[in-house]
Amino acid sequence: MLAFSFNDTLLVATVLFSIGLAGVLVRRNMVFMLMSLDIMLNAAALVFVGAGARWHDATGQVMFVLILALAAVETAVGLAIIVCLHARGRPTLDADTGNLLRG
Amino acid sequence: MNPLPVLVLLPIMGGGLAWGAGRMWPRASPSMRDASWWVVLATLVVETLVLAMATFSHRAHAGPWPGHFAMPWIPAMGIAVRLDMDGLSLSLIWLSLILCFLCVLLATRQATAHAGAFRFLFLATLTGVIGTFLATDLFVFFFFWELMLVPMAGLIAAWGHEDRQRAAMKFFMFTQGSGLVMLLSILGLVITHYRQTGVLTFDYFTLAHTSLSPTGAMLLMLGFFIAFAVKLPVVPVHVWLPDAHTQAPTAASVLLAGILLKTGGYGMIRFNVMLFPDAAARFAPIAMGLGVAGILYGAWLSSAQDDVKRLIAYSSISHMGFVLLGIFAGSRMGMLGAVMQMLAHGLGTAALFLIAGAIQDRLHTRDMHRIGGLWAAMPRLSSAGLFFAMAALGMPGLGNFTGEFLVLLATWRISPLLATLAATGLVLAAIYALRMVNRIFLAAPQADTRPVTDLPSWQMAVFACVMAFLVLLGLYPQPFMIFSAPLPLPATAMAGPGGTTP
Amino acid sequence: MIGHDIFVPAPLLVVSIGIMVMLAATAWRRSVGRGFLCATGMLLLAITVVGHHTGKVPDGGDSLFVQDRWTACTAILIMFSTLCIMLMSWRDAGVTREDEYPLLLMLGTLGALAMVFSANYMPFFLGLEILGVSIMGLVTFGHRAVPGHEAAMKYLILSGVSSAILLFGIGLAYGVTGSLRFMPPIAAGAVPAALPVAATIMILAGMFFKLSAVPFHMWLPDVMEGAPVPVAAFVAVVSKIAIFSALVRYFGTQNQPPFLDDILCGVIILTIMGGNLMALRQAGFIRLMAYSSIAHMGYLLIAFVCPGRLQSGVVSVYLAAYTVNTLGVFAAMDAFAIPGGPDGRVVAQWKGAFSSRPFLASVMSLMLLSLAGIPPGIGFFAKFGIAAAGVEHQRDLLLCFLIIGSIIGLYYYLNIVRTMMAAPALPSVKLNRQMRPELTVLVIVLSMIVVIGGLFPARAIHPFLPPPVAPSGTGDGATH
Amino acid sequence: MAEILLPLLVLCPLAASLVVFISAGRMGARAIGTVACAGVGISAVLSIILSVMLLSGPVAGGLQVTLWPWMRVAGLSADIAFTLDRISMVMVLVVTIVGLLIHVYAAGYMRDDPGIARFFGCMTLFVAAMLVLVLASDLLCLFIGWEGVGLCSYLLIGFWYDDPANTSAARKAFYMTRMGDVALLCGLLLLACATGSLRIGSVLASVADGRLPASGVNVAAAFILVGALAKSAQIPFQAWLPDAMAGPTPTSALIHAATMVTAGVYLIARVHDLFAMAAPVMALTAVLGALTLLMGACTALVQSDLKRILAWSTISQLGYMFLALGCGVWQAALFHLMTHAFFKALLFLTAGAVIMRAGHEQDIFRLGGLRRAMPGLTAAFVAGASALAGLPLVTAGFYSKEMILSGVWHVHFGLAREWTLSGHPLWGIALLGAFLTALYIFRCVFIVFCGKAGTRAAGRTSRLMGIPLVCLSVLSLFGGVIEMPDTLPSLHLFSALLDPGTPLSHADEPVWLVLAGALAPLAGLGVAWVLWGRPSPVMREIPGQAGVIRPARTGRGMDVLYDRVFVQPFRLLAWLTRLDIPGHAITGTGRLTRAASAGILGVRAGLLDMLAMRATGTARWAGHLPGLFQNGRVRWYAAWIAGGLCAGLAMAVLS
């Protein structure tokens, strides 16, 4: 019947999630951080799809579409902010430089 | 019209009027009294009339004690504005009013900047104090206990002397922090009562007979004790007092020494000894030890001071040690001694602070080295100072001695060793009192002192009244003792242990 | 799963329609004033209809939204705060002529309301994201461009991570229970026991990020410092109320699952101590308010972990007190700002405020004293309630930290009052510039609420005393 | 009738004092003098009237007046009450009459002093306080008078407050008497606890019927004894009286000779029933009295300041009284107290006049040869000196000292079961004391009035100051006749007056006892004449350095003999008294407490600094705490979120 059980999808999703999290923590370039953020969101979406399959319920699919929309919004706003930062005198994409807000 | 709520609210309303008057008609000329001063005086006069009415009117009403007033405030939590008045709170309110009159009459010169605001905070403190003395609902008591600090801290912080900010901060932090510990005790008592009887109430009389386990009772009693010990002050937690008294303006230090310390004593009588009688009895040895330590430590440090106000501040720590001793001596005589000591100390120390304030106004210094002998220049001020110094060292025939003797006698019954130690405190008292007299009154006048004016005759008359009152308190204390004895908890509503009278 | 006649609480509907109208108007002709007017009108309408809803209340309990007194109370608080923030930002938003500002504010309020009314993961998550994204937009407004954008960037990444964690948790919960109902997942059938626990922890982590509990609080100070004053108020007040009401809704009024107990205690203690200790060293007023709001969230969580007779009343009073006080502080700070002169964001600028600007200084000290929990203000009764709830549950450890925290809090609040009382740096000429009228009105109203709330808390409790009924209506709720 | 007069007795001086204080600047010196003398005069007249009423009235009881209830509390009932019985009558008479004379003298002596109002205010206040002390029938009321006199003595010793030495002497006096007062207070507390009320009658009654255990009686008596010792400047507390001479001379006469210092003696006499039951305390009193007697006499022998000689002589005479009290003959003690009041007041007043006339010179070696310049004063001084020395038959001092000596001889202390201390050794010391007393007072007489002329004397003693001297001389010479020893015609008027119950006559007293008592002073006079009186005196002390004696002139026989017999022991004695062990002990403890307090304050300050330093330390550490947490880097924040999540998961899953 189903090739994969829920646990397997869960396993893949967790691995994907930790890759995304590691990406956010390790990479310094803001664009790459956005990309790894996207990976994490997709991992979460994968869990929903797996769960939906397990319960034979369409909600999983609906949530997946919702999460895709959210990921798109995140990336769009993120890139917009990066462009504004670049325009307002912070040329590098490095997340750690030029920190004004601290302490 | 029940006089009690009027007693509580009148001062703060008067204060508001004074503030308005202060802003509307700022001081016309330095000598002339400005409008807000007259408003304050009027408020105090009306307050005295209301208090007289409350003292001598015997109306039948539900409350167990002479004065009673109850109005629901937060029914959801079982909190109601319950005000009750018995002899003890009545006498302490009379003391507060007398001291306020003294402040208004004698210590008005330096409150020039924002006189209206100064007088508002002054009367707000009075409201807080009268509320504390009257409240018999634990929440309302806690409300006034915390409310009383804000105006006093404001007075010290805004009109104090050179290091006023730090002193006000220390004063506020100490008292507020210990207040929170008391809050936990109040809530613990209320919740245990709620669990036992299913009734959520903060009323003092119904809470008086919740049956508590010994350790539970001791814990709750300690919570209360810490808050009142900080206020009394008791030795280990007295650190805020010298700074607060030294840096406060004269009127504020009179209020602080005269009344705010008494709220600590009043609290201990009402909420430690009468609410948890057996826990207090078990705690008595430690408390009395602390009392004696306070007496000796206060007197000893007081004799090593060079600043006049700091000396008087430490001396009040020593006197309050007697009050602690008396309260926990467990007998009616000890309690009466403590009450008498509070009344006498209130008058004596307030007068000393007024004199120290007068000296500081004239010579702009509190350092005893730079003040030098004042007898030649200001015989009236110096003779008043000498008299009140004698009262401070416990000269028999004056108020302090009556209190101290009764306390010592009650302590002697418990343990002669403690009483002897406390009695040696009297020798130390002589040392600091006479050291002060010989440094600023009976001493060779300073070479460079500018010509200073002595006390005007009407101010000396006010001091004379206070002196007469102290002598009356010393030689004929019987009516005062009967009048201001704390009434035991009402027997009717009291299933639990009775009051403190053996 | 979704019934044909959609049950939607009225305020949500009104706000969304309002936003549509504003969007359409923007397309026609840009005008900030009209934007604000429309937003304010819409909010007032929403407040009036907060009790009603459209469609039939579904009985099966699997509806998207829920309506009871708790949602009414929090919704009113949210809309009232947004009104105040609109009033605050009326003048400088007009200057920059960007009319997206009122729009984003309304979007944020919509997101918050969605979270309050949600009884299902989906609307909750949607509300969370809408609020998040609108805050990102709002933060970049104001004349301080670079810090604004940096704050927005930080908020974006961190809220992205936390949303991912939250989603993963919801996914697990869905995987375990099979339904998106907004309640802690209970292991049904052959599911390894660790899964529901992990799901709850991850959801809680996502929520605590938004609530800025300590391990997840890092974003709040930076975002609030980067944002203009009204937006900082918005972040500190509206998002906190929304997420807290969702938290209360999520766990209902019965006790939390046992495994959470020591985690929650740990978080609370860390939040109280972290918030207070960090606030001690702050020179910036807004950063200090950020840390103080973290500490207040810690106190609020104490009441949250002590369900019982007192809890519902206490929690609503504390929320109301926190909202009014924080709004008051930010309103006073905003009123203090002189275009071109000191902008009130650094504590040192307030030196000698009592002599140069007595009215503002007294309002600010009243608010700070109330935040510190001192009688005349409503904060006193709020803290009293928290202690009462704590004592009722014998949470001695938490109570001790409550006391230590409030003593430290006393210090840094009074430090500000002390600097205001000190002698003014510049000669104390009374700067009698005319304060913006609407701000004066706002400040006076807020002070009145604080003092009246403090003196007559019964009024404050009674109407806002909805027992937070569990979504399924099974929880017993507060007795009265 | 008596109910009005008795309180009036106290009120008059009190009223005079208030009037003088309040008038402060406005009244002239003469007016102030008259008001003060009037106040004390009225009370003197009243006391005489009351005494007559008492003697003519019923013998027992005495006049009892309760003014008002002072403290009526469960467990204590004390009230302000006065009684005039035989003992207090004697004291009242002494206080008022001697007080009046001294006030009259002081009116002249202090006329040109600017602070005369304050002086007379304090003096009349003192007389009022002393009367309260003497008349009080309630021990607590007595305590009011007890502390009141202490306060007045403080104010009067430090009267000339410009000189810090005076004020420190005043403070020293008050501190020492205050220590005694605290001990007395503890005694009162003990008695009040045991008996519930402090009325003297009821206290003695309940002690008699055994309400107080034996140990309690001893402790109470010991406390009261310490109080009395401090007030009367006996052995451990004697350092303050010589310094108290810094006050004006009338003060020294009234307070530090006649009345205040004898308050201790009066108190013990009042509660002698209590002391009678505490044998060890009685023995202690006697021994301390004897020691003080001897020490006082020896120190007076080597003093060079006229007033200090008289101060030490007061201490030694008080030693006699304590010796008598210790031996149970309290009547003798009171009789000696009365006579001592007369001749000591006389000596002080004359000394004051002499000093005033000699330009305020107090060193006896610089005065010298004033016999010719002021014959009247010399006669008065010689009268007083002979009364002090107790020259037989002609002076009052002889009779009172004789009464004490016979009382001491007959006493037996039953201390422990088998160990009894008989009175004989004490009698020996007393006799030696009598000899030394005569020696030092006549040394003073010969040096000041005989010998070559020292400073020039100016002016005349005014008549106002003369009258009291004459009265006092008469009293000190003929005052003693009312109490004769048995060998002489046995006349026991005084002891009959005091205590009609117990007759004091010892029929079997050996005759040589009275002779010894008479010969000792004469011997002292002779030796004094040899050493200082005759034209080429043996002892030539260098003026200015007390007790330093020039070596004998040539090695001729008589001088070598005198040198070895008198000069060497004298020099030893001078060295011994300079040791002044108790004095050093007290200054030592003073220095010790100051050092301790300085040390403790230093530690406290150090502690506070360390605390402050640590606080700044933590503040600095907390300063860069934000760097650790809040360093503004996004990835660091994300790491914290991830870390928090993992910790939560770990705790939940593992626990």
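When the chains are written out, they are named A, B, C and D in that same order, and each has its own residue count from 1.
To be clear about the criterion, contacts are C-beta pairs under 8 Å (C-beta built on N, C-alpha and C of every residue); 3 or more make two chains touch, one makes a residue touch a chain.
Keep in mind that this is a model prediction, so the values were computed, not measured.
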item	value
Contacts common to subunit A and subunit B (chain labels)	C, D
Chains touching both subunit C and subunit D, listed by label	A, B
Pair joined by the larger number of C-beta contacts - A-D, A-C	A-C
Far-end chain from subunit B, centres as C-alpha averages	A
Separation of subunit A from subunit D, taking each centre as the mean of its C-alpha atoms, in whole Å	99
Rounded Å distance, subunit A centre to subunit C centre (Cα mean)	26
Averaged-CA centre spacing for the pair subunit C and subunit B, given as whole angstrom	43
Intercentroid distance (Cα basis), subunit D paired with subunit B, Å	40
Two or more partner chains touched - positions in subunit D	626, 630, 632, 634, 638, 642
Two or more partner chains touched - positions in subunit B	none
Residues of subunit C whose C-beta touches two or more other chains	153-154, 157, 161, 221-222
Set of all touching chain pairs, with the criterion as stated earlier	A-C, A-D, B-C, B-D, C-D
Complex interface listing, subunit C residues touching subunit B	310, 313, 354, 369, 374-376, 380-381, 384, 387-388, 390-392, 399, 403, 406-407, 410-411, 414-415, 417-418, 421-422, 456-458, 461-462, 465, 480
Touching residues on subunit A, where the partner in the complex is subunit C	6, 10, 13, 17, 20-21, 24, 30, 33-34, 37, 40-41, 43-45, 47-48, 50-52, 54-55, 57, 59-60, 62-63, 66-67, 70, 73-74, 77-78, 81-82, 84-85, 88-90, 95, 98-103
Residue numbers on subunit D that touch subunit C, as the complex places them	619, 622-623, 625-626, 629-630, 632, 634, 636-638, 640-645, 647-649, 651-653, 655
Residues of subunit A touching subunit D in the complex	21, 24-26, 28, 33, 95-96, 99-103
Subunit A-facing residues of subunit D, complex	626-627, 630-635, 638-639, 642
